[in-house]
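Common to both upcoming complexes is subunit A, partnered first by subunit B, then by subunit C.
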Partner chain A sequence: MTINTLLAGALNGFFLGGLYATVAISLSLVFGVMRLVNVTHGEYLIAAAYLNIVITSALGIDPLISTFISIPILFVVGYALQRWVLNPVMNKGMEPALLMAFGLSIIAQNGLIRVFGGDSKTITTQFSQRGMEVFGITVPTIYVVSLFIGIILIGGLHLFINRSFLGKAIRAATQDPETAGVMGINVNVIYAITYAIGATLASFGGLLIGTAFSFVPSTGFYWLLKSFVVVVLGGMGSIVGTLAGGLILGTTEGIGAAFVGTGYRDMIGFLIFLLMLLVRPRGLFGQKGSE
Partner chain B sequence: MLKAKKLVLFIFVIILLVLAPACSSQEAPEEIVIGASIPISGVLSAFGSYEEWGYQTAVDEINEEGGIFLEEFDARVPVRLVLYDDESSPEKVAENTERLILQDEVDALLGSATPPLVISGAVIAERENVPMVTGIAPIRAFLGANEEGWNWVWDIFFDELEMTEQQFLTMDQVESNRKVALFTDNEQDGIVMGGLWEEKAPQFGYEIVYHADFPVGTTEYGDLIRRAQEAEAEIIIAQMITPDALALWNQMQALDYQPKAAFFEKGGEPVAWWEVLGDTAQGTMVAGYWHPNLDYPGAQELRDRFEADTGQLYSQHIADTYTSAQVLIDAIGRAGSLDKEAINSAIGETDETYVVGPVKFTEGVNQRASALPIFMLQWQDGDLEIVYPPELSTSEFIYPIP
Partner chain C sequence: MITNKKGLLLIGLLGVGAIFLFLVPIFASRFTVFILYLLFLNIVLAQSWNLVGGYTGLISLGHAAFFGIGAYSAAILMSELQFPFIIAVLAGGGLAVAFAIIIAFPTFRFRGVYFAIGTLILAEALRIWMINWEFTGGAQGVQFPISRIPSLNSFYYMMLTAAIVVTAVVTLILQRKLGLGLRAIRDNEESAQNMGVNIFRTKLFSFTISAFMTGLIGAIHATRLSVIEPYSIFGVNWTINMINIVIIGGMGTIIGPIIGAIFITFLGEALADFYTVHLMITGVIFILVIRFMPEGIWGWFQQTAFAKKIVDWFLEDGPMASGFTGD
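What follows is the complex of A and B.
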């Protein structure tokens, strides 16, 4: 192993970390607000990728533009699911909502198989097979684009949550749902909006996964696990922490793979995950009690 | 006197009752049940769609003739094909195969796709003494999974050793530095093939300068690609599933790694390879055992039928799956009964040229596998063309990769 290989691994991983963060942001938001471990997250990502392909081929437009068209569709689906399927069981404890989400995940995966079949797909964009030089090292352009998208989305979401009226209502519902309800905030609507925002964010995650890699209807589970690691590393429910978690995971995986081989890449990620749970269960940016 | 007459009549009736069933033929079963667990969903679903068509088409054909003629019952009996989705999971294959045997009470089985899935079902078939015919499992990986030898499971596919030799001979057509990088996943065939390439390369004057092995489902290959680049490999050989192979090839393009020849075994074979990659798949190669232009009975017709039925481009897997079902159907016919041992023996006696090529187990490795002749295919403008050996070629060999 040369120093160049190590540097390349680190840089590659750092940019890939931007993709991890973008993919995980929706999971982080839903967990942060509702304390719901959204196991449908992976299916949202993959459904978004399929939707992107459908819109792109139907309208003959660029997949990046398709992403913006898919946003309202995913928002409506996400809102409806939370409002009328998940909300009714949310006040019955964590387990019913989790089981319901599991059920939705299985239904979604089978639905995707039914509609799209099981063949591998990728989203072809102008970045798909291009590389670019960063500090003299070639990295896939889509990884660099992913990091920029991740920064923009996470920054925008952070501002939205902290500055906007709706964001403040979401925070209020997060911190004390009962008092928020007394103050006139419809917590059920807030939950549905939050879940719907998460679904729209998944459209970007789906675009990036589909462009950088390939996917089949069952691929969502892999990305759900990856997202869990990112969210736990960055701090459960911390928006900014998600970016940090993604970058740390990507970089560590990249360096680890350069040292011990790509075959151990995922294992390295899960080792860090376990280590974080042991040492600092609330993650890097998580607030006390969030664990 | 009357008493004696009654006694004779009574004895006569008894004799009739005893002899009647023996004189008339036994009642034929309503159906012959053949079952298979196939990957309709999951990462290997590209294979499942061809399998479903191949198996179903062979069964539909025999049913159009009224079914399989069973001598024991002097009647034609229709075949019912039971297919379950194994979701590309070996555990699910085992579960499905048990269900087929215990609940559906199948008379015989057909295999899934790729060694991990095929072997998972084969182990159950072997344990329960149910005959199974399969394709899509390279022979040495299949045989290597059961050191004691298979008794009830029969494989019709290619021999990896022959494939390896064909690959190196094809490489000889390409001007290169004779340095090869291997990318093999940790499935049974990946392990077997990785070993064979390493073993055979020096004999053909090639050097394996880098061997990357990794788990199935790996998404990021940057580090491995850089190592192959650093090792100056001008030829790559990969043995991996389609989604992983797509990611590897895309990332090779992104990192500007342009080998002069690229072989993508398993992953580069389904039509999804071309559909997803388009022109960037031009010139990539995969070993082949079937092509519609080969002089086998009904080869071109099979392609035409598949494409007319599905609207999709054919794959060579339609031929081995269709043939597997035909071999099983023919064997049941030769056995003339639904006795599993008789069916199993009849499979072993197969000696015929089918649409996929000659099938004869007694000349195969370990007498439970029939090896199909092999050649090299290359993706050219959305179609797979034979490029080696020259006597079989259907198109000019494109090299280096454009």
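What follows is the complex of A and C.
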């Protein structure tokens, strides 16, 4: 192994980390901030990718524009599911909501298989199958694009959560639902809006997954696990931490894969995750007690 | 224990039922025997998951790892080292226990949902390891020596025995101090500790027993499959199946997993040609149960007037201090 292979692994991993972060944003909001262990996260990503393909072929438009058209659809689906399916068990602790999301995930995944079959699909954009030179090393263009999209979305979400009135209401409702309710915040509506925003964010994650890799209905599970790793690494409840978590995960996987082989690439990330949970459960940017 | 006459009647009825099940292969078709084999498989898996998830409060999403370890251990021992079937199967359970002990040290430190996420990711990490490991055949998997695979009827008897033994073992555990400790941990870990329950040891006990049963069943079922590969044998679907059965039947009860297993097995058979529809319906039922029957079918049934009448009838002439009606 030359120093060049190592550098290429690290740099490719770093930009891939941008994709990881973008894919994980939705989970960072719903799990990190709202404390719902949303195991349906992967299905949102994959459903968004399929939705993108359907809209693109139906309207004959660019997949990038389709991404924005699918946003209102995902918002409505997310809002309805949280409001009428998940909300009723939200006040019974984290486990019933986890199981509820688990049931939704089974339905969604098999629904996708039923509708779209098991053939693997990709989304073709102007970034597909192309590389660009960064410090003399070729990196897939879509990875670099992902990092930029990730930075924009994470910056926007960070400002939204910390500065806007709705963002403050979301934090109030998730940290202390009872007091927030007394203060006149409709907690059920806030949960539904938060979850719906999470669902719309999957629109971007799905686009990137579909462009950079191929997918089948069951691929969502893989991205769910990746997203868990990213959110916990970065720190629960920290939106900016998710970006850091993604970049660190991507880079470490890239370097690790250069040493032990690409077959073990995903295992490296999972082991880092377990190590992180052991030594610092609140993650890199998580506040004390946020675990 | 049951001491009165009506209690003995109940035991008698169960005995007759068990004898009937042992006689089934004599007159039933191969298809019926196979479906019942799957039913018993589901009962054992659900009972083992329920011991950890339902009684100890540890929502494990990594049980597929124990199943896979049992399966692979048996496969390697039988095909490479010419072990007899029974020894290979027991070793499968044993190695699952070894893995359970190793992962207990990190994962028991994760509280609540973190335990769920941690075990899920550990199982997935193990799956990736198995896909890449040359020793176990990598992604191709392992083949069992065909000539030494027992007949379907033998598998039927093994699974039936396992289902009865496992149900009995869980019932016995719950009647002992240990069973009390498990439930105390589930209901409130801190007060359990204050009351002198050794948290780590009690959790470990429940976790390893569950791992042993899951590994054992993995080994038996893998032999029946005759060829195994890491993608499906370590797949999260095994864990999903266990949780579906336990939640729908009734978490934290003895009868619940049996009812859930009957429900899931026969629903699966009825919709065998529509696999995805079957799973979608299961998902819908799963959600409805969590929302409207959080104690599962059995928990709901126990509260109906009909169930109370039956219990009253049994209690009429003396106390029936059995844990049989579950928790």
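Please note the rule applied: the second predicted complex is superposed on the first by the 290 of 291 C-alpha atoms of A that agree within 3 Å, B and C clash if a C-alpha of one lies under 4 Å from a C-alpha of the other, contacts with A are read in each partner's own complex, and residues count from 1 in each chain.
The rule is short, and it goes like this: a residue touches a chain if its C-beta (ideal position, glycine included) is under 8 Å from a C-beta of that chain, and two chains touch if they have at least 3 such contacts.
Being a predicted model, the structure only gives us computed values, none of them experimental.
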For this session: Answer with clash or fit: subunit B and subunit C placed together on subunit A by superposition.
Result: clash
Exercise. Is A:282 in contact with subunit B, with subunit C, with both, or with neither (first, second, both, neither)?
Worked result: neither
Exercise. Is A:41 contacted by the first partner subunit B, the second partner subunit C, both or neither?
Worked result: neither
Problem set entry | Touched partner set for A:216, first subunit B, second subunit C, both or neither | first
For this session: May I ask you to decide whether A:102 touches subunit B, subunit C, both, or neither, giving the answer as first, second, both or neither?
Result: second
Exercise. Is A:131 in contact with subunit B, with subunit C, with both, or with neither (first, second, both, neither)?
Worked result: first
For this session: Name the contact category of A:228: first (subunit B only), second (subunit C only), both, or neither.
Result: second
Problem set entry | Partner chain in contact with A:88 - subunit B first, subunit C second, else both or neither | second
For this session: Would you check which partner chain A:113 touches, where first means subunit B only, second means subunit C only, and both and neither mean what they say?
Result: both
Problem set entry | subunit B versus subunit C as contact partner of A:263, first or second or both or neither | both
Seminar exercise, completed: Of the stretches 56-64, 182-190 or 218-226 listed for subunit B, the one clashing with subunit C is residues 182-190
Problem set entry | Contacts on subunit A seen with subunit B and repeated with subunit C across the two complexes | 110, 113, 261, 263, 266
Seminar exercise, completed: In the complex, subunit A touches subunit B at residues 2, 5, 8-9, 12, 16, 110, 113, 117-122, 124, 128-131, 138-142, 212-219, 222, 253-254, 257-258, 261-263, 265-266
Seminar exercise, completed: Listed in rising order, the residues of subunit A that touch subunit C in the complex are 37, 85, 88-89, 92, 94-96, 98-100, 102-107, 109-111, 113-114, 221, 225, 228-229, 232, 261, 263-264, 266-267, 270-271, 273-274, 277-278, 281, 291
Problem set entry | List of subunit B residues in touch with subunit A within their complex | 39-43, 45-46, 48-49, 87-88, 186, 212-215, 217-224, 226-227, 230, 242-244, 246-247, 250-251, 253-256, 270, 272, 275-276, 278, 280
Problem set entry | Residues of subunit C defined as touching subunit A within the complex | 59, 106, 109-110, 112-114, 116-118, 120-122, 124-125, 128-129, 131-132, 236, 240, 243-244, 247, 276-277, 279-280, 282-284, 286-287, 290-291, 294
